[in-house]
């Protein structure tokens, strides 16, 4: 009878799986290896010279779709390291319990200040512990494994590769450039994007070619940054 | 075997305790077994290898709030779980676990087993009706139809060993198999179909997959036990396992020779055979999908009942003319 | 009301627009709320079933229990911010959600997406389709076979294979689920080195093990008994109701947006559209399994032929105001695992959409329920609902 044979076949399948090793990784004794690019929590970084990288430009606060970032700033004062006047964030709070981990805040940061970390587990005993204060964010810089991405890498990845012809004017898509020039720009002038986008002369099928697109943009001059 | 009241009650208590404890470990074993079949580990946190898991489950159920729905029929609602447990355990009284261990050696042992099995329909339906819940009612209705229908193939299949051994006493049947062959080995053309029929009918009686439509979780939330909480639910749950265990023991006694074995007959053979059949039942549970109600009934009345009748007739012919 | 119709297993329908009084004692129909809390309604979903014994006389579905006002939220978010929000509509295949969204915006902007990004999107869509169909098979097994039984074994096998695809996605994007890897104009994450080998390895395992899942489902007599002739959906009715995807192809209608209205890179790689006849649960199951196998082949083709180049034709997201779509209406759709997922955008020149409507395929699939459920039993209702593969997240948004 069909039922009998098919039942035997099903039971054979389960028996075959009985002898396979189980796929369970008994957390927390065994931490399953995650991908290189895993993104979970956040950290705020310092620059190499010890200064805080965050300039309080509020771009991450504006781009966050869930509005979990609240920044008190920008606070223009003299840097204790370089002596120059620059913006700071007086207070920076990120509510991890409401974050949707979309990585947009990392992408828009002009100074690579906010990055994501690669933690396996994010549990806490109280809701308050999930609200990342500025202190916790700077503590994560040293205490947690950094995730792969920061604004520079993401922008580099998303920028079309330069064409091989050398006629492109001196507008290197050097991503390290945007740190200083973005600093004096006030957040009220959102028209100029940050430097890493290659300007129009390259053959990239970028939006600046289409007429109706970003109306606020003008084709930038190459030497802008 | 004496049928004294004292003898019966002492052994009864012993058997009940042993069966319930075995159920607890059978529960543990099933979960590990099912886990391995599904590419995962079963319980392994509570106790070494998770052995204390059933006990922690029982403790958990004990401390839950006992909720009775407002419009439910209180008396019936409360009677159903212990009645289910009683019916499940009752059949264990006549099973010869070994030549010395037997609670009540009734002359109509097989009939008693079938009667208790038929009685076990009642608690299911009482639960379904008394819950005042449409899902439970549907489950109860299906359970009645299924259980009552599958009584017939069960009786017919159980008749085969009775006719062959010439007695309804279960110990007589086991003794007969001890002196002659086990019924599944000879005559296998009668024994194997009878075993098949008995197993299918037994699965249907205890609402096991593939016949578990009365308690189909995906359709009826929890079937007849939807409104039960705490230890009452625990009793139903346990009654199901006990029923399966006891039915495996009955199948071992009727078809596989009970405590008989190639060497050193005794309790250990009975235990081994019971657990073997039990494992097979659970293996089937975790591999197969479930039948729909009407397909189940069709299977019973169109295939199993005529097959059973033919089998009984063939057994009669065999016993009269061939032996 | 009088029940003058024939109540058999097939046929005997009540016009869905006939109103039955809530509880009419003379009709002796039992009203069963296949409620929002139920183990197998695939999310929060309610069906009012009017039962005569076990046979359904009339079925009234109610959705909306998972409404999260996504479309209203989209009106308050800039175009560049919406992508991670619509991820959560069809929460079982987030890649295709994002893709449908950015596809609409790119169509409105007439933005050209680089070839590499289009191929990557097709690769992700196919991998997501495999993952979605595996999940469907697992949950369908649970519906048919029980949460404590054979269905669960099938469920675990399907999820075990699905995990490898989610790991692949984690390699690329950093998230196992809800990736936000698409942006207007292209993708945000490029494929790391060695990805194609991992894709091949994972897909080989899936292709080998799908036969196990089939042995427990499609080739199982009990499964066939539960699905043959159950919930027959007529092709004409399906077209009238706007049903697309595997549900439509199972009725014999040969329609697949990947071939008929190519998007991403489907104009460069041929798609073998899988159809079946009969329109019953078995046909739908067959179409999905066949699509799964076809997607394995397609995913391998896409990862092998991935062209070089940039992955983003627009600008990387920097500011909410950077993308403004001029005044106008646009509709664009892609083919997801469930059917045609489309978006209708009414733009007004600012960086916020004026109205963005999502056209979910599952909603149309569920609208067939009042037509195909009457005459079947309660067990069949579960099987039919499972075979239509609705995801309440996108039905209710």
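Read from first to last, the chains carry the letters A, B and C; within each, the first residue is number 1.
The rule we apply is simple: a contact is a pair of C-beta atoms (placed from the backbone, for glycine too) under 8 Å apart; a residue touches a chain by one contact, two chains touch by 3 or more.
What you see is a predicted model, and the numbers here were worked out from it, not measured in a lab.
Undergrad: By mean C-alpha position, what chain is farthest away from chain A?
TA: Farthest chain from chain A, going by C-alpha centroids: B.
Undergrad: Can you check which chain pair, B-C or A-C, has more C-beta pairs in contact?
TA: A-C
Undergrad: Going by C-alpha centres, which chain is most central here?
TA: Of all chains shown, the one whose C-alpha centroid lies nearest the global centroid is C.
Undergrad: What is the distance, in whole Å, between the centres of chain A and chain B, each centre taken as the mean of its C-alpha atoms?
TA: Here the centre of chain B sits 60 Å away from the centre of chain A.
Undergrad: What is the distance in Å between the mean C-alpha positions of chain B and chain C?
TA: Roughly 42 Å, centre to centre.
Undergrad: Which whole number of Å gives the spacing of the CA centres of chain A and chain C?
TA: Centre-to-centre distance between chain A and chain C: 30 Å.
Undergrad: Note the residues in chain B that touch 2 or more other chains, in rising order.
TA: Each of 37-40, 210, 286-288 in chain B touches at least two other chains.
Undergrad: Could you pull out the residues of chain A that touch at least 2 other chains?
TA: Expected reply: 7, 10, 13-14, 17, 23.
Undergrad: Which residues of chain C are in contact with two or more other chains?
TA: In chain C, residues 150, 153, 157, 160, 216, 220, 222 touch at least two other chains, as defined above.
Undergrad: Please give the residue numbers of chain C that touch chain A in the complex, ascending.
TA: 77, 80-85, 109-114, 150, 153, 157, 160, 163, 167, 170-175, 178, 180, 183, 185-190, 192, 212, 215-216, 219-222, 309-326, 349
Undergrad: Under the touch definition given earlier, write down the residues of chain C that touch chain B in their complex.
TA: Going through chain C, the ones touching chain B are 9, 30, 32, 38-40, 54, 141-153, 156-157, 160, 216-217, 220, 222-223, 225-226, 377-382.
Undergrad: Along chain A, where are the residues that touch chain B in the complex?
TA: Interface residues on the chain A side: 7, 10-11, 13-15, 17-18, 20, 22-24, 26.
Undergrad: Contact residues on chain A for chain C in the complex?
TA: The touching residues are 2-3, 5-7, 9-10, 12-14, 16-17, 23, 34-39, 59, 62-65, 100-104, 107-108, 116, 147-149, 154-155, 157-161, 190, 193-194, 196-197, 204-207, 210, 212-217.
Undergrad: Mind pulling up the chain B residues that touch chain A in the complex?
TA: 33, 35-41, 44, 210, 283-284, 286-288
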